[in-house]
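Okay, so chain A shows up in both of these, paired with chain B first and chain C after.
For the complex of A and B:
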């Protein structure tokens, strides 16, 4: 190991590490609190002082996935013994399960719309990015800027005419409508990012393939796509996270069949007020996949969040 | 024949290369590859934009489709710009924008500066710090209302623990004085990592040789910081501010879940105000004019800012 006069001293490093770790722990607190609250009983979740140590229970998760009705204690005693663990948890609260809640459906809507729009966005985006990267396109800069500028509009501002347009086309509150909308919103990001990734692939590879008798399309499929695979994968994750997290369009344009999880989770209520453990359980199930993706993405994070403006 | 940019694109592709290959010509491929994206963007972005502009000159209301639609000229614009509520909203937005940017730049830069000291395990800590900004603002914002509960909320408890105040004595989202800060704190928690990542890229782009040269010239650390570090990081920092500025001007999901614009109108940011006009009062013409004003504001400010950014880069 070589030393330079500009290397930070061990003491500086130690101090910097301590300060950063401290900040990380503070910033992590709200997230840990969400996860912990999901495993608390409703009484523990609103205890004062806030409980750091508590008896973990799956009540929040059971409440999240079921609708329940309260019945009299005498009737409860007459029922045959509970046959499943979740039945038992519900009965301890003096309730019985009336049916499944909407959370499962809403979560599946998020999955369908998220993956559908990501797939479509990658197909359109990769093709457009390839054309912008390899062919001489007049007005290229203007077109690229136009694509970028579609992101500057506040979502609510475009939501008015989109709402009218979707209503005329019968696309309001449909999966296909939301997929098309999220694809359009994500296209700017994916074209900009993918163009950056494809620019980095030497053009000589394709020229060699073309000379060997490949058509342009074959060269694109067999040479460029495999080379750009990492870039495409990380762009796809960014698009997926955006569609997954999107709230404004979802709350305005969907209400029933195609509603995604973000507008649904805040509306979860329990008996006599907000059922915070159930909300926290719903949030945990919804947020943890994104944390996993963040870890997978960490090398390309910077590029993704700045539309490819900053590359490491 | 229509003269679209895509046609031009196709024509500009060198014909020699197209002739050389079998199958589809480059021209056709360029066309096929770009057209669907442009078409979708035209349909979902440009067409609605034009529609918005057209509606902004009318008194159209979505919930009364049978009413006669009248052309009212610039009356909507005039009413918005002379309405005191609009300016109160703009003030709330400005407060939110300025404070979030100031706090995020200060904390974000400090963190990046510390992480750049290359202590052991800095990758792990960086990943942990980045978590909040990747999560759904609506879901997280909703949960922050729980943290901000008087007495039982974790935030109130921690503040009370360090200041000795009564945790039930203040309500971050119920108090007119505190609510604007409640949204600033939540947004800063969420987006400081964004500024940090960009600053970190800036710091890592500075070649070590410059510091070595400064060290040879016996420049103090303090001097090095102000004459090397800050100027070299400035373009990155300005880029971060641009992104945060645009995003927070559009801010809707986090704040609407956190405070819903209340109490009163103290945290009614422009997007929330626009949503009320468009989807609660259903004043479609009026809110379209509002949308156009917002778009022109963002676009105008961003263009001026980008010019300034390019000047700094050239220096």
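For the complex of A and C:
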């Protein structure tokens, strides 16, 4: 066997693989636990010692999406037979379905606010970053530092003033209010990240487009944006993850119409505090969009930028 | 195709003056070289012609129309960037077609034009390839294709061969010149390589520190440099300079260097004070009988010729002689200079003195 400087030996590879597997197990464990809990019965979910093997049930998911009332055994027997699988699951608990829960609405609120603020942040962030990168902006360095400084204190430190401001402006518990807030928080990071990416794009591409008869705006759309796609995608993921998971402001500023899923999920536990499977189901579903979004954009994150056409 | 006229054009970047009041004219169909050392303002001048940079003052005429303050997209010129700047997210065909799309040209017509240009440049077989993996030469051709497809008024090229290796440069420069001769398009070509400029150009502008030092055909610039800078920048090895002190009247036909008399082309202006006697290496002849003496300090063998460096009373002199002549370091010999080719400069201003020799070719910027 020949010796190579760059290729690891089989033993190194084996150790590296083991380390990665261990790390993955440790990080994924809580996630797997939540997903598993979503399919347990309430009794199994609080069993001690914890049950690794259990009879899976959709009870948690049914409870997540419904509100139920408990009725007497005798009345339950007099009802016509349950005609759907979820009716049957509910009746097994001695309850009947009273109506849908609010989880669907709250989830949609999260989608609207999360993706809305991310989109707004990308539009404003790309425009600002482009200007900072390409034009002579008066006091450029000071402005950039000023923008970054908004990121220096934890956003929640300004919760009270924001709360008062929102109340006076009538933005409390509105979608637009939350979108604006999350955009404001994310914008500083976006401008900085995106400026870095746009700085990397040689200005000659735009100049070539200008000479080829395009306006600056056309050059921006047709030449800069495709080149910046990688940067925009990764920045968007950062913004979405923040807006999606944000809890403190959501608790403070939303209670009904615009409430997002994070403050809602803990309330699912219900009276008596034993419906852990429903909470776990809510958390599991909540994980899906960010995961899908990240996987969809993964191609952009991994794809090397084709700077090959300009030799530096 | 078009004539380009630059009149009193100046460019400042903040407090820094990159181009000082330049004036020159590029005639229709000329292959025009902008030559000068790094940082002298060549690129800035070219970018002002293109509209990528607006002049601080002065005028630029393309085909008689003043375009100095017009945006690039309205000037109908093509620009070839040093790094080619091919759009990396488009394949070769789309790169070439892109300037046509901006004009709203019908698809079939675009297709036809792209195919035709690809055929001229010999890149028909790579139209579907992404630009990322192309060789330097092919990128160069694609960049040219993108420039010629639109049939613009003029081509502006900023060191277009700078990114290629030496061997390929030679080949590409011939290809470029052939393409120009075939299309007859006005071309402005920026380079810092004096050999490239002499080989390819119909006319040359030599710039230094933002100033146009001289403007003319290569032969005139080589034979009759307008300034000491041009004499030194052009030619390899450069012109020899011998400093002397003198008082020369109008009509003078000879000067005295260290007691030896040398004939010079008749001066058309008088001068006195510190002067410089300039002679090209190929016009220095070694002649044992000559009164001006020098001692050989080095010889460089170049194949058919050799460069001999001599130490003389007024400074070192290089000469180019046939390589079969046996010359050794330490030899002492006399030097003769070709009288018709001498240029005298004022040491103070660096300007060439007007004489019968350079009267025709001299034009200051």
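What we mean here is this: the second predicted complex is superposed on the first by the 269 of 312 C-alpha atoms of A that agree within 3 Å, B and C clash if a C-alpha of one lies under 4 Å from a C-alpha of the other, contacts with A are read in each partner's own complex, and residues count from 1 in each chain.
Just so we're on the same page, a residue touches a chain if its C-beta (ideal position, glycine included) is under 8 Å from a C-beta of that chain, and two chains touch if they have at least 3 such contacts.
Just so it is clear, the model here is predicted, and its values are computed rather than measured.
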{"item": "Which superposed partner A:210 touches (first chain B, second chain C, both, neither)", "value": "both"}
{"item": "First, second, both or neither for A:37, with chain B first and chain C second", "value": "first"}
{"item": "Contacts of A:269 with chain B and chain C, given as first, second, both or neither", "value": "neither"}
{"item": "Chain B versus chain C as contact partner of A:202, first or second or both or neither", "value": "second"}
{"item": "First, second, both or neither for A:290, with chain B first and chain C second", "value": "first"}
{"item": "First, second, both or neither for A:98, with chain B first and chain C second", "value": "neither"}
{"item": "Touched partner set for A:169, first chain B, second chain C, both or neither", "value": "neither"}
{"item": "Contacts of A:221 with chain B and chain C, given as first, second, both or neither", "value": "neither"}
{"item": "Per-residue contact with chain A, leading partner among chain C and chain B", "value": "B"}
{"item": "Chain B/chain C common contact set on chain A", "value": "210, 213-215, 218, 305-306, 309-310, 312"}
{"item": "Residues of chain A that touch chain C when the two form their complex", "value": "202, 204-205, 207-215, 218, 223, 226-227, 305-312"}
{"item": "Sites on chain B touched by chain A in the complex", "value": "5, 8-9, 12-14, 17, 20-26, 29-30, 32-34, 36-38, 40-41, 43-49, 51-52, 55, 62, 107, 111, 114-115, 117-123, 125-140, 142-144, 146-147, 149, 151-154, 157, 167, 189, 192-194, 197-198, 200-201, 204, 208, 211-212, 215, 236, 239, 243, 246, 249-250, 252-253, 257, 270-271, 274-275, 278-279, 284, 287-288, 290-292, 294-295, 298-299, 302"}
{"item": "Partner chain A, residues of chain C touching it in the complex", "value": "50-52, 71-73, 77-79, 81, 83-89, 98-99, 102-103, 130-134, 136, 139, 146, 150, 163"}
{"item": "Complex contact set, residues of chain A against chain B", "value": "4-6, 8, 12-14, 16-17, 19-21, 23-24, 27-31, 33-34, 37, 46-50, 124-125, 127-128, 130-132, 135-140, 142-143, 146-147, 149-165, 180-181, 183-185, 187-188, 191, 210, 213-218, 220, 241, 244-245, 247-248, 251-252, 261-263, 265-266, 274, 276, 279-280, 283, 286-287, 290-291, 293-295, 298, 301-302, 305-306, 309-310, 312"}
